[in-house]
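Per-chain residue numbering starts at 1, and chain names A, B, C and D are given in the order in which the chains are listed.
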Amino acid sequence: MFYASDNTGPVHPKVLEALTGANDGHAAAYGSDPLTEAAQDRIREVFEAPDAAVHLVPTGTAANALLLATYAAPWSTVFCSQEAHIHVDECNAPEFYSGGAKLTLVDTSEGQITPVALETAITAEETRGLHGPQRGPVSLTQATETGTVYSLDSTRSLAGVARRYGLPVHMDGARLANAIPAIGCSPAEATWKAGVDMLSFGGTKNGLMGVEAAILFDPSKSREFELRRKRGGHLFSKHRYLAAQMLAYLEGGLWLELAAAANAACQKLADGLRDAPGANLMYRPQANMVFARLPRSRHRQLFAAGAQYHLWGDELDGGAEDEPLAARFVTDWSSRETDTDRFLDLLDRANR
Amino acid sequence: MFYASDNTGPVHPKVLEALTGANDGHAAAYGSDPLTEAAQDRIREVFEAPDAAVHLVPTGTAANALLLATYAAPWSTVFCSQEAHIHVDECNAPEFYSGGAKLTLVDTSEGQITPVALETAITAEETRGLHGPQRGPVSLTQATETGTVYSLDSTRSLAGVARRYGLPVHMDGARLANAIPAIGCSPAEATWKAGVDMLSFGGTKNGLMGVEAAILFDPSKSREFELRRKRGGHLFSKHRYLAAQMLAYLEGGLWLELAAAANAACQKLADGLRDAPGANLMYRPQANMVFARLPRSRHRQLFAAGAQYHLWGDELDGGAEDEPLAARFVTDWSSRETDTDRFLDLLDRANR
Amino acid sequence: MFYASDNTGPVHPKVLEALTGANDGHAAAYGSDPLTEAAQDRIREVFEAPDAAVHLVPTGTAANALLLATYAAPWSTVFCSQEAHIHVDECNAPEFYSGGAKLTLVDTSEGQITPVALETAITAEETRGLHGPQRGPVSLTQATETGTVYSLDSTRSLAGVARRYGLPVHMDGARLANAIPAIGCSPAEATWKAGVDMLSFGGTKNGLMGVEAAILFDPSKSREFELRRKRGGHLFSKHRYLAAQMLAYLEGGLWLELAAAANAACQKLADGLRDAPGANLMYRPQANMVFARLPRSRHRQLFAAGAQYHLWGDELDGGAEDEPLAARFVTDWSSRETDTDRFLDLLDRANR
Amino acid sequence: MFYASDNTGPVHPKVLEALTGANDGHAAAYGSDPLTEAAQDRIREVFEAPDAAVHLVPTGTAANALLLATYAAPWSTVFCSQEAHIHVDECNAPEFYSGGAKLTLVDTSEGQITPVALETAITAEETRGLHGPQRGPVSLTQATETGTVYSLDSTRSLAGVARRYGLPVHMDGARLANAIPAIGCSPAEATWKAGVDMLSFGGTKNGLMGVEAAILFDPSKSREFELRRKRGGHLFSKHRYLAAQMLAYLEGGLWLELAAAANAACQKLADGLRDAPGANLMYRPQANMVFARLPRSRHRQLFAAGAQYHLWGDELDGGAEDEPLAARFVTDWSSRETDTDRFLDLLDRANR
């Protein structure tokens, strides 16, 4: 019953096999090897973006911070949601890499920025000439940190607002794989065709060991990105092992398969939670996360039985037993049906 | 009718005289001259803080950013109001000098942070261990950017909240002189006795040419501040000319006299605006700024007659003539009664 | 005949096995898993440093820059050699992570800083009060970038100079494993017992995929290091896979075995080069790198036959055929004796 | 007998008068006032550069660091001399403002970079692709920190080398006024016509209170400079007082007059030192600084008699009385002939 994070799950066996496969003899270092080239090409194919610049990095924070820094001047501000990973979970990495840019927090509904809120935030900045921060990139998270998914229309509208003000659009796609089915479109449609300029394409949460791709659909700043990556200590010498993982991930659509498994497990969990008396879903679970409120006593029982997940902004100790406490449940490709059954059974029994 | 800013007014003649007085022969550079020592001593006296470290800098942004950077780790966040000068008017200087700290915006009432809002903001941060930003200094502006003044109780309460979480307190005192009369206390009481750890003590808006004092009531980080000042290019070689201004400013309480003059002009202006039909004061004018809403047509008439002031978040063109538009009026030590009379007369006539 | 770099070699099979072994079910993320704890403990044992703080990072540049930044103020200067990896090969990462510290280049002999040169460099700095950079950490590379190894006496003397000026000592131990046999001492003796305060302990060049350990022998700045690591995007979520590699590396002394293999291959290569007519060794090859000058024509023949190595500061094209050109040859744990035989045979034949 | 620095001298009376002249009523803040515009225009005239962007800042360090940061990427290196003020006297300000650029120290002769040494330094960098720092601006100091002056040919040759590698040229002209007579050319010829792209044009050392002009002969990065200036806290609100000083400085060629006075005083001092037994001039004194070695005993006598100047790298205490110790003597516009007479008389008597 492991729902703490999609970071706690294992690596897919095919990915490990690919590492073994790559482990043959010598290969050029720092990304000049044939596997890296192949992985870059493969990503360009998957995204139907033959001109895109593609660079592999080990963490999502690195991908986000390096891409944003490439597009956000130190005196600018990045528009993102209050819940954005880049704001709450990266310990000021975007500020660090950009040399001091701000993050302007945009109001959200179900974790999603709305076009109106975005435009309001944009127009509120830069009314003071060079005294205030200058407008910088817009960053969207897909799937969002609340487990919802921007529709294609939403992405297009938001990118349209950004475009109107001349601002580049970043997508934090740590869970893009999980979002794709809910959007019901191709990777290209979900990103650059909808107006996304640069993408953090996640792998780690979906079966890789620690590999993300930073994609610049307009390659003109590719060299700058590479210098920033090197300077940040994120250029792997034995680069083939990042590339091998990414190749295995994309091979035969494995990435979408893994995401589909995680999403299905989430759906099952969400259905159970929805039906459980005393439980309230907080957002539409459209990817691999479901947020729900359960009475404190219920949480105690679940934790006691070994369920692993995080309360979300609430504390287990100190209040009434029937007080509803928010929690986040995350599934991953390796979530087992038997686990979910056991969890739902526990929930059911607890409710009796 | 000059109400655009207290930055547009002239330097007080005594300050210019002091420059001439200081202009005699050679003097040690970089603050090792006797005038600088005298100015530092004088500030320590005025603030009854014999151990405080005092350093002169040319701009308020420099004072704020250097002080905050001395106390805010790059991975921390500074708590300040949505309207704070450090947030809206310093083009990311605090972020730059701190090496990438964030600013967490705290809700305000009349431009003032409330203890409850502060505590809410503080407890919301650092719930994520080392993933999110760490809690950093609390910054208060006194007088606030909306022309109100924190009462002594408010300052103490806010500093108390900060203290409870182990956070240092910064005061942006660009207009501290204008606040002192409204608080009705000594400079020491208004600052370190109320829990303020470091103060940007303004002079420029109140009759100096470009001099602010950065005061560290606890001098233990004084050397670090000096290194940051030098590295920021803010260590004046011909330092005596900063010191001479500051000495003249404090001599015989000139600084409080000048502030009193500005405040009186503001009071007169505010009284007139309060009585004017169609005008609405937005905040209590407790220092040298008054914010008011006037119909668009009235603004047109005032501007046409030569009045200088800024609309505040509103645009002159594009809407109904009777739509109320917000404006900021700032007085300074040199504001002339005849000007105010003329302005109020215009307002009066316009209203007839 | 792969002598381009120890970054081009494969991962040791036992390391890959360890990844598979670690790939079982769920594990806490971000280094809170049992494998990470075990790896940290194991490193503390190997270095006989029960109190040391140990943190894993993916690259040597990350380890170096994060450790140096933890100890080098932005207004300080780091003392290192002209050839130091942190100076020539990290694209300003130390400057970036430290927020703008300088690197002061110290004269070397055979790539080694001498105590006299170090003291000269240290005393030359900070003669200008707060106008110039302040003295910061001393960084030594062991084995050096020229393939030589600091004797225990040398390390002690250099650390002694640093200590005399109150400066912390960093060791870039990307190839520490290769140096240990030449020093003939324990890891503890080579490092903290000789005065080293913080160590970048390399694994990647010696059979790992991308894992280094940053060791703070004095753990008091451990938390700061962790915040810097997170902010730099170097905190792996699936941390167990870093830990598993490190555990396999230390298990049964594998790390020293692999280094011994690399060193032996280097020795054989060096012996052959030493005997080859027209070849001149440039430095004593004490670890796994040998630098030699060979006539341009000889390089052409070797490259044509498929040998892979880098010319070092010289260019293949454009001069006389008998002009001696410097080259670097690096061996790694996987260097094959048959390759070396073939290389030496080629050299021999070329010389006939 | 004040030869410690040209920073210790007074402000020229005409400059003070100009401050009083500017102190009339209200003026737009932050450089939007007519005096600022006039000063910018006047500088463009003096430099025959109608398109240049001109921005006033309070210190030379600010001018240098802001200009360099505008042209030096964080991952680049600035080429300058070992003695450069930006290297030894700015406490890492260029590193700070640029976000972590390096300074590569170029060998000098009499404090002057030679074209050969510059080209050697340039070609030594960027041989390692994106692993090492990228080539950045070349910075020349005119007059140099050793009191010599680059000839027009030298400047042109050095700028030519830079141009050949596509590198922009910065001139630290803190003492450009003192250099102009020795070069024997117009300000335009000394700068942009010789290949200089950006100039820190000094005023503070030559009779101003604290004003320098940053000149971008190519104005395309002017807005970026302004944002950097604001973010650095260097945008003066009461900007007219900077402008008034600069206008007085340029009016009727006052700046050249003042420099000529300083240079003449230096020449007289240098002549006396040249003739004094036991004294050795170290460099050709071509501007307002002379460096000389005198026996320790002689320094003691001079200091005892009240002479103010700095030993240069040497220490007064601790060696033989006849050991020659280096010293720097700086004159300024206010240096009095009677002082110099007295100094030379002392020297003469001491030598008898």
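Things worth noting here:
Heads up, the rule we're going with is that contacts are C-beta pairs under 8 Å (C-beta built on N, C-alpha and C of every residue); 3 or more make two chains touch, one makes a residue touch a chain.
Keep in mind that this is a model prediction, so the values were computed, not measured.
Distance from the centre of chain D peaks at A, each centre being the average of the chain's Cα atoms. When the C-beta pairs in contact are tallied for A-C and for C-D, the bigger tally goes to A-C. Mean C-alpha positions place chain A and chain D at a centre distance of 51 Å. Centroid to centroid, with C-alpha atoms defining each point, chain C and chain D lie 41 Å apart. Computed centre separation for the pair chain A/chain C is 34 angstrom, with centres defined by C-alpha atoms.
Residue numbers of chain C whose C-beta contacts span two or more other chains: 30, 74-75, 90-92, 96, 99-100, 130-131, 134, 227, 230-231, 235.
The residues of chain D lying in touch with chain B in their complex are 2, 4-5, 7-11, 13, 16, 19-20, 23-30, 57-62, 64-66, 90-93, 96-97, 204-205, 209-210, 227, 230-238, 241, 308, 334. Chain contact summary for the complex, chain C toward chain B: residues 30, 73-75, 99-100, 130-131, 134, 223, 226-228, 230-231, 235.
The touching residues of chain B, counted against chain A in their complex, run 74-77, 88-92, 95-96, 98-103, 127-128, 130-134, 313.
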